[in-house]
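To start, the structure itself, in structure tokens.
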Amino acid sequence: MHLETRKLLTITTEAALEQSVLEDLDRLGAHGYTIVDARGRGHRGSRNASWDLTSNIRIEVVCPEQVAEAIVTHIREHYYANYAMIVFLSDVDVLRPEKF
Amino acid sequence: MHLETRKLLTITTEAALEQSVLEDLDRLGAHGYTIVDARGRGHRGSRNASWDLTSNIRIEVVCPEQVAEAIVTHIREHYYANYAMIVFLSDVDVLRPEKF
Amino acid sequence: MHLETRKLLTITTEAALEQSVLEDLDRLGAHGYTIVDARGRGHRGSRNASWDLTSNIRIEVVCPEQVAEAIVTHIREHYYANYAMIVFLSDVDVLRPEKF
Amino acid sequence: MTSSIDPIVLFFLLGLIAGLLRSELRLPQAIYEFLTVLLLLAIGLKGGIELAKQPFGELLMPLLAVIIMGTMLPLVAYPILSLVGRFKRADAASIAAHYGSVSVGTYAVAIAYLGAQQIDYEAYMPLFVVVLEVPAILVGIVMARGVSRDTDWGKLAHEVFLGKGVVLLMGGLFIGWIAGPEGVEPIAPMFFDLFKGVLALFLLEMGLIAASQIGGLRRYGLFIVGFGILFPLFAATIGTVLGWMLGLSTGGTILLATLAASASYIAVPAAMRLTVPEANPTLSISASLGVTFPFNILVGIPLYHQFVNLIQNLGG
Amino acid sequence: MTSSIDPIVLFFLLGLIAGLLRSELRLPQAIYEFLTVLLLLAIGLKGGIELAKQPFGELLMPLLAVIIMGTMLPLVAYPILSLVGRFKRADAASIAAHYGSVSVGTYAVAIAYLGAQQIDYEAYMPLFVVVLEVPAILVGIVMARGVSRDTDWGKLAHEVFLGKGVVLLMGGLFIGWIAGPEGVEPIAPMFFDLFKGVLALFLLEMGLIAASQIGGLRRYGLFIVGFGILFPLFAATIGTVLGWMLGLSTGGTILLATLAASASYIAVPAAMRLTVPEANPTLSISASLGVTFPFNILVGIPLYHQFVNLIQNLGG
Amino acid sequence: MTSSIDPIVLFFLLGLIAGLLRSELRLPQAIYEFLTVLLLLAIGLKGGIELAKQPFGELLMPLLAVIIMGTMLPLVAYPILSLVGRFKRADAASIAAHYGSVSVGTYAVAIAYLGAQQIDYEAYMPLFVVVLEVPAILVGIVMARGVSRDTDWGKLAHEVFLGKGVVLLMGGLFIGWIAGPEGVEPIAPMFFDLFKGVLALFLLEMGLIAASQIGGLRRYGLFIVGFGILFPLFAATIGTVLGWMLGLSTGGTILLATLAASASYIAVPAAMRLTVPEANPTLSISASLGVTFPFNILVGIPLYHQFVNLIQNLGG
């Protein structure tokens, strides 16, 4: 089983940003993403998903390290100051590295 | 890009425990969490989310190692014996370590 | 706190495969799984979950390394060619290793 | 009494059969919750506008009597479960609590049954539903763990009195009572005209859920099936006698018998899960949903109607 | 024949336009599923209570004829797709299966059309929907892979006969049949009075989904657009002639023509995805939902009505 | 004027109280979205079939006047928020935009109120809702950041004109207008008969949401409460005077006053979040949903009715 390591980037943020963040991912070189609807709490208070404005999404991107860095840098500059958002990175092993 | 390592704690358990576990997280020092609705199967059988009582939630907490340990210890003592639940830990890199 | 390492296998694929993949997991030795509904984009285009046929699911399995390998091998042979699907692996620490 | 089977019961059978055949049919959870909300509000509203029509002075006695019934039923169930069924303490207490409390879905089918047969009943019956939900839970907890320090009674009260069921039933009751028959008219198409349709869809889903509980039965054996049928028969008898003693109408007595016979699958399981976690929820749910709910829907309600006819003939 | 456009078709156009303009409008998936369940049950119930009214001795012949039609249509479609369209075997077979089967949404619009025009039709038409769903799937699989050992026919039968569509249509049919017209009355507000409203909302969502399939068209070109319009015209002609030969009423013949012309987008795609996975689902869905569904809704149904008038004038 | 409280308002109170008591009651998000879709379509359809009945030549003047009102209101609100409330620029601009725009939920309650009182109003009022949604957003953005290069106006126009609200209102209006009263009849049970029931459930959920915004109030103090009540009173006065100057009917003037007094909680927050992200959304939402919405529903609408009576007595 030949596996290669890639970065798994997880972004949890306001549902309102979905369109905008997805365009960024595309432009910065991610080949795909997975989204699930979420709720949560953080520094900007409780976001309990009872309606659109308090809903979160959790976006997952598997990509090469440079792409991950580019995304994190972009996101930090454009969204961190004003939006409920957390981002974290980890290593994952993937089977078809050329896909990512 | 300055990153620091934190623990990512993932708890999958019965939806009925949501309120109770969230209070624990708060008390034990987690600064935030993310929840998604889930279904699954484990030692306590199939939980297919067709109604409230068989629904699962998947809670994610990013936190320092000691907090993660405190949470895991508490959860083991209070919930493991009687509830459908799994917990696992991994390392993640975060951008704004002071948030977690 | 005694922890042991296991593999966390994450499969994101078409909702239509749910039944089929779950049977495989069972047969190949996984003791449990967690599913959340998802949407996303990849090489097979956008899957926006507006109806059954374009919905994704995200399956998580915690298991020993050999089981993970067996699952990945099986999935690669049976689904990769024809289905929208990604699979990735990482290490997680678990509390009750005998469960997995 | 017309003999034709009510179509809403057929929806339950459709769901049950589809579930047993492992059909892929299922209603989204959001829809199931929505249907539940509609049923609870409709039952409350219906009761409320009736209350608005008539004085309700003589309510206290019946309420008290009914609360006592809700307290006694689990006390009777417990030794049976414990001695005959050989369940551990927590399980016996939890199942007993389920059977002391009530099922709103069963109640809804019963009032649909009375509607189809054009049998009247007392306006305040939804109040019975509310007051019967609570005492069995408390009795169950005390039976499981004594009057323990560990139990957080404040939290429990919150859980019990502010659960979806009580809030929507009481809320509907108040709204119907304040607004009165004419006030409620503009919302009647949603809550009254659609009532049986909503109930049909709800029962379709209940059939699917009941089918998924049959697995639990296979594992826990015949005793549960027996208990899930015999105890309701006993409880319905108590309910019938009590209704007769309270001087309730035929419809009211049928409803009280049905409530006594019904077992909770919403409020009690949720409360037990948090307060008596060592009780196995599969046991109580497979009894309540896999046996008693279908039994009451398919066989019980018309049977309890016969009970009431009988006692009224004997007693009158 | 009144000429004004049916408002439910306008809902489809609203969804289509909103989708093409990339509006953020969308219905939650749970609601879409709920609307589908309501439509399927309503169609079944409607058929069932009609069946209850009349004897249905002469049903076997029409059913058999219709099954043969459902078997032949994909056999005609396949060589066209394969030779003219130059699709690979799996894709040609899969698309052929979609067009041999039927679309319940299209059928619902057709009965709404007949209702608006007050044209009667045979009570057993929902049975046609059910029996037409299945044979094309089997033919498609055999065309794609021969009578292969690999195909798990048991699993397939389960998938096909216990899919949501068949279960709810047949379930509704049985319930309507057993309960009869009066029995169904209490649930009529939900299933019959709301029928066109539910259909309108369903079509709104279908418009949004159809719009999202237009992308697939751009990639796979003109042939699909041509096929998606011409094949239904051909199939509707077959359906019209068959209906006339079977001596169906005007309404029944229009419905049979519409069923023949319609292409599946629920049962067949799901079955093909699992049994012929190498077929590209985008091809068949963009044809079925992006071309044929809108064509039938907007142009086809009134046109097939003309077909039927024509043949009845010629033949009568 | 009958004095009894409308039951739909009681549903709002039920939600509010349940929320404040931290009951576990909540409607699934999918249901909330569905109810919103139904309300928007129903309001549009209702307006559309009225438009179909009458010529609408004299529409331009009122529309223009109303757009000017929608532009001026945030310009008045801004200095109050900035100077008296001491909010930062972005926050003052964002709150001002919310109050310049409108709330469809409040509008729905107002037409339910007029319906109950059997007061007629102009058919084209839903057009006012649509045209009032937009200008305040643009004014808000310009106030927050000047006519900046950074603002992607194309994207913004898309966001504003293709948002759920505008698409469904305009879509309903067109469908109603094209189909006319008879055309819409078959879908009337869904969109008109159920209207008040849908509104009741929607208000139940709004009560729960409003309760969850009260926390925001505690943090941001008394000024918001004052502003959230006084500014609507001022705006309603403007709306009343404008309606009177335009020669609107009593009902139309009440609706215009209500629209002026209402504050957006769907379109504007979404647009502001993307274009003026440094504005704190908790501030504007807790004002709009936590104060102004309840105030308008519970006190405002009947009060604005009095305003209109007053001006008509004075002016006539």
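Note that the chains take the letters A, B, C, D, E and F in the order they are written out, and that residue 1 is the start of every chain.
As a convention for this text, a contact is a pair of C-beta atoms (placed from the backbone, for glycine too) under 8 Å apart; a residue touches a chain by one contact, two chains touch by 3 or more.
Because the structure is a prediction, the values reported are computed rather than measured.
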**Request:** Provide the labels of all chains in contact with chain B and in contact with chain F.
**Result:** A, D
**Message:** Need the most distant chain from chain F, centre defined as the mean of C-alpha atoms.
**Reply:** C
**Prompt:** Where the centre means the average of the CA atoms, what chain is farthest from chain A?
**Reply:** D
**Request:** For chain E and chain F, let me know how many angstrom lie between their CA-based centres, rounded off.
**Result:** 41
**Item:** Centroid distance [mean C-alpha coordinates] between chain D and chain B, Å
**Value:** 34
**Prompt:** chain B: which residues touch two or more other chains?
**Reply:** 36-37, 90
**Fill in**
Multi-chain contacts in chain D, i.e. residues touching at least two other chains, fall at 28-30, 33, 189, 193-194
**Message:** If we use the touch criterion from the header, which chain pairs count as touching?
**Reply:** A-B, A-C, A-F, B-C, B-D, C-E, D-E, D-F, E-F
**Fill in**
The chain F residues in contact with chain E across the complex are 28-30, 33-34, 37, 158-159, 162-164, 167-168, 171, 174-175, 178-180, 183-184, 186-191, 193-194
**Item:** Complex contact set, residues of chain A against chain C
**Value:** 1, 3, 6, 8, 22, 31-37, 60, 62, 90-96, 99
**Fill in**
Counting only contacts in the complex, chain A reaches chain B at residues 10, 12, 36-43, 56, 58, 69, 72-73, 76, 80, 86-90
**Item:** Touching residues (chain side chain D, partner chain B) in the complex
**Value:** 26, 29, 32-33, 205, 208-209, 212, 265-266, 269-270, 273-274, 277-278, 281-282, 285
**Item:** Residues of chain A defined as touching chain F within the complex
**Value:** 14, 16-17, 20, 45, 48-55, 79, 81-83
